[in-house]
């Protein structure tokens, strides 16, 4: 890594940390427009986070250290993942061969601690949310992994920065159908992991129908701020993977590449807003079908890629 | 295409159309009889001046197709007479029914005459479509169920066979210029066919056409359809349509044996055949419905046919003989089943007793038919099954021989223990059924029984004494399975040798 | 976009529609999926002809036209009419659950790719996805046939199977005479027509279209 790149990493890191709540804001604005409203101010998510950080924390007496560790470990895991996933440029801070596996496990670690913290409260609602989160997680993780496998097969590399970089552009020429399938699968994974509409409704007020929200009912103050921020960061990271996979433009100059990525992420956020506004939530039984669909799409893409490159 | 071929297809279609337009039931029935008799006459006449297929004919007579065509034609002729006796005015629509019957004859003739695999498929599918309304003859839930199973399973089976034909076709594309899919062309270029695709094609075709033929494990439509269809239709299906499907399998076998895959084909033919006989043996024992029982013996005989083909030229000869006797025997068996149904009004074996005392002629005929079905001498099936046993022995296939004999013995015991009480037994005391069936005009019974007697008599006669011409026809057909179209190919090569 | 890429895309869409048909719960949607799949297939003979380096000839045009007329217009119309008139339960009640059947279907797709890898096609076809796409469609058609109980879904399963065979036939387009191809299409149409009639009778007889009640006939 050159010195120049090291210096450049500082503003990049700042941007990556600053952007996530903005994406939430874009989604909220899009939904508001669809509903014919003005919507909250652009900086509302930031205000919310500041407010939560200033508040005190309440811990139930039945909880243990697991409950306190949940939000922090989750955020830490996602921050670690952020150093491995290319967001604005096509390389990463700490990428190495095989880092995709670490990324997948960091996401899984965050999920595990969130789930454990939810169960630690002993509340039946949270237990139910945890059970749903894990059920859907077991189906979205294979889809994510299979998508990684496809990218790895197509680019013959195991480092995420390379899998999403220059070799991918060639792969789009060779196995375009497979790449389209992977993008579709990644979109479903994104919607599932960030608890968006066809799977989960972030705006619902009925605990019985919640998935993610119901798990974090007992968190308050800074803990809840970490959770909210971590959710936004997760959207940014998975969104970056999706955007990089869908539109590889490696080896463009950084000054045009980086702003373009920001625009693409904003467009993705708007797309999610449109999906949320136009689709209804699926019945819980049909969610598993959707996730099986994502799994099948990425599996089919893997078969196609393998067939093309080996036969 | 010659005049004969044209006539063979046009005659049934023409009379079928007549059946649709003629005003009265009597006229329509005579059109049916006239149609099948004319067809038979054309077929018999075609034997006097045999002309074999030329290079690029889509339709034509080769020894195998010609033999099967003759068998089917005989069966249709006799069945049409029987139907006149059996027929009552409780049909879906007599016009449609009779037209479908003649349509079935036309489609089956086309199956036997087709030299092109695509055409063969189209004809066979047309045959199963023509047969569907025939099965839905009696209306009601049970007939509907049988029709649905027949239609769906046959359609799927035949679709798989189409995939098989495509695989065979694909095996030719490595050669260079496209080869036409006629049997003759494929056999001529057999050395250069791609064996992998040919094998897949053979297996798919065996499964697909095997479904239509009623080979286990895809036979399950058969007892339902034969049990619910009116007996004359069951006779046509069991003795005629199965032969059509058998021809289709044999066409693929011809290509395979020309391409040097005879051993591979034999293995699978014997495997399917033995499995079918064994399945039939399991279901025959303890069966309480004589029409379903007859259907299972049909599964058994299909198995015997296929096993014979797998055992070389000697086995093929026995198999051809078996095909002939199967036609005669299934015809007689289902004719008598129809007669029993009219006599007793039930399908259940336990309710039908003492036929011989109620109708001595029917009893004797039934006994004879049962003996023929089980392969007792002097009926023809004894000689064909013996031929297969000898062929297996001469090839040293002892396992095949042992299984074959054991399962046949089980079927024999099963059929006889079930059916002998039907023939002899004490007639039930409550003779209430007589009231419903006694009103049947005598001429109807006479027609029905004499049709059965003709077929049984033919079976007996051909078992006791086989004329040379019959022997030659069977032999040529059997030879042509191992060395298909030898004459035609020789004729094609001739001019090149002596310009 | 080259012919090859376009054909690849079409075939992938075909496979996706196969899998899609396993997920939808409405009878009418299944039939519409089938019509869409057939429309995609009608494009393939033209692509195959273009790939051979000539303008689509009479043969390819007639097949494409016949496919559109029969499989996109006539057959779906008949089936939709049957579904619309009289059937109250328009939802599919599968024998194997939706998620399970999709996963099973995906496994069948993988199997067909694996089989294809062992069966080399003698001559370079327009797309090397033809054989796997055809096999997967055939297998998923069979899966639909055995796992769904409504008579209509069984007909659709048979039609999917037939579509798979149609794809396979593209490899042989110049070898089969037009007469035979037309015969195959006609047989298919008449077959489906008769099936539709039988379905109609089943409904009248039993008041619904479930085939699992067709179990009167069996060994006593």
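Assorted remarks:
A, B and C are the chain letters, set down in written order, and residue numbers restart from 1 in every chain.
Quick note on the criterion: a contact is a pair of C-beta atoms (placed from the backbone, for glycine too) under 8 Å apart; a residue touches a chain by one contact, two chains touch by 3 or more.
This one's a predicted model, so the numbers in the text were calculated from it and none came from an experiment.
Leaving out subunit C only, with every other chain where it is, the touch network divides into A | B. Among the other chains, the CA centroid farthest from that of subunit C is the one of A. Averaged C-alpha coordinates give centres for subunit B and subunit C that are 31 Å from one another.
Our note on geometry: subunit A versus subunit B, Cα centroid distance of 66 Å, whole angstroms.
Separating the centre of subunit A from that of subunit C, both taken as means of CA atoms, is a distance of 38 Å. For subunit B in complex with subunit C, the residues that touch the partner chain are 58, 116, 118-119, 121-122, 125-126, 129, 132-133, 136, 140-142, 144-149, 151-152, 155-156, 159, 162-163, 166, 169-174, 178-181, 194, 196-197, 200, 223-224, 227-228, 283, 287-289, 292. Here subunit A touches subunit C in the complex through residues 176-178, 180-181, 286, 288-289, 292-293, 295-297, 299-300, 303-304, 306-307, 311, going by the rule given at the top.
The part of subunit C that touches subunit A in the complex is made up of residues 5, 8-9, 12, 15-16, 19, 23, 98-99, 102-103, 105-106, 109-110, 113, 116-117, 128-129, 132.
By the touch criterion given at the top, residues 119-123, 138, 142, 145, 151, 154, 158, 161-162, 164-165, 168-169, 171-172, 174-177, 179-181, 183-184, 187, 190-191, 194-195, 198, 201-202, 205-206, 211, 214-217, 219-220 of subunit C touch subunit B in their complex.
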